[in-house]
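Should a chain be cited, it is by its letter among A, B and C, assigned in written order, with residues numbered from 1 in that chain.
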Amino acid sequence: MPHLTIEYSGNLRDQADMPVLMRRLSEVLIAEKTADGKQIYPTGGIRVRAIPYEDYCIAADQIPDAGFVHTTLRIGPGRTPTELKSTGDHLFEAVSKHFADLFEHRGLSLSLAISEFPPPGTWKQNNLHRLLKKD
Amino acid sequence: MPHLTIEYSGNLRDQADMPVLMRRLSEVLIAEKTADGKQIYPTGGIRVRAIPYEDYCIAADQIPDAGFVHTTLRIGPGRTPTELKSTGDHLFEAVSKHFADLFEHRGLSLSLAISEFPPPGTWKQNNLHRLLKKD
Amino acid sequence: MPHLTIEYSGNLRDQADMPVLMRRLSEVLIAEKTADGKQIYPTGGIRVRAIPYEDYCIAADQIPDAGFVHTTLRIGPGRTPTELKSTGDHLFEAVSKHFADLFEHRGLSLSLAISEFPPPGTWKQNNLHRLLKKD
């Protein structure tokens, strides 16, 4: 059930290279393991999307051409605090590395948050798990 | 105060027929009743929107042309667990039926979540209830 | 960490004047003070964005050309209930004033909600605070 959403200011569109970042963050999620070595986020449940905003106002428009990238991970409940922290650390490390060069050269704000789907839970119908196993 | 958001991958745009789905989900919300038969979600408060994402990465790109549709209902607090479950069941049944044919023929992930607006509550100004009563 | 998102129906696009509203709401956030007079929301952390939806269904399509504007503020935890209420009141007052004329002349629904980023907290890397201090 991991849903990852990357919101970003439209002025980063040409440099953001979102397909690469989305793929990289997917790999980070796949690599997360429980204490006994099991994959935490099933590959067939991972959905990443990126959305550029054409209309935005950062720091009250006081910094010319400032940009932002805010990543939100939404997951089902039940992960341990250790797992959540590890997931956030690794995702944000990847985001930070992806934008390292840009961060040196322009006003930029990177952030990440994690939230769990609240009760009464979620509803799902997904044939991707089956399609993956076929491969 | 019901806000319904349908996020979906842009590769479903031509087949998704969102106007029909948005109308159908509105009708589902209108039909939900309390135990004593009162309409739970006032018609004038229902706002449905759909957003296609051009940039997405599903199942780490391991399934060609996979798609996803994720629906989120945000409502004010105070509904009973029974009401929430009924609402989710009926909404997801409608989503699932809407995409039944597509689900048979391609990689597709359907999901739905419900969340309540947290404290300190919400602020509202809405002339739609009045306009509806005029009709 | 304040993130402000203005969702609105695309039929308001020509009249919404979002750059003006986004700037105004940024100023409202900057003006919020704690009981002992400190700025609550650091200028360098404020990120406002607006998103028009082309596909929407309001009040089950029963009111011709109805529109909606829904504003969500997401902030870090730790603000007092009084601070949250003051912030919401002032933001919504500004939204309401911005759309006052439109509200008189068409079906319109304005709303605002506040949510706190949940545990395990957020990850941040931001050079905007430093760039602001340089100015």
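Structural remarks
The rule we apply is simple: a residue touches a chain if its C-beta (ideal position, glycine included) is under 8 Å from a C-beta of that chain, and two chains touch if they have at least 3 such contacts.
The model shown is predicted, which means the values in this text are computed figures rather than measured ones.
In terms of which chains touch, the assembly is arranged so that all chains touch all other chains.
Mostly differing positions are employed by chain A and chain B in their mutual contact, as under half of the interface residue numbers are shared between these two copies. Relative orientation of chain B with respect to chain C corresponds to a rotation of 120°, obtained by superposing CA atoms and rounded to a multiple of 5.
The centroid of the Cα atoms in chain A and the matching centroid in chain B are 23 Å apart.
Those residues of chain B in touch with two or more other chains are numbered 51. On the side of chain C, the complex with chain A involves touching residues 1, 3, 18-19, 22-23, 25-27, 30, 43-51, 74, 117-128, 131-132, 135. Across the complex, chain B meets chain A through its residues 7, 9, 51, 53, 55-63, 66, 68, 70, 81, 84-85, 88-89, 91-92, 96, 103, 107-116.
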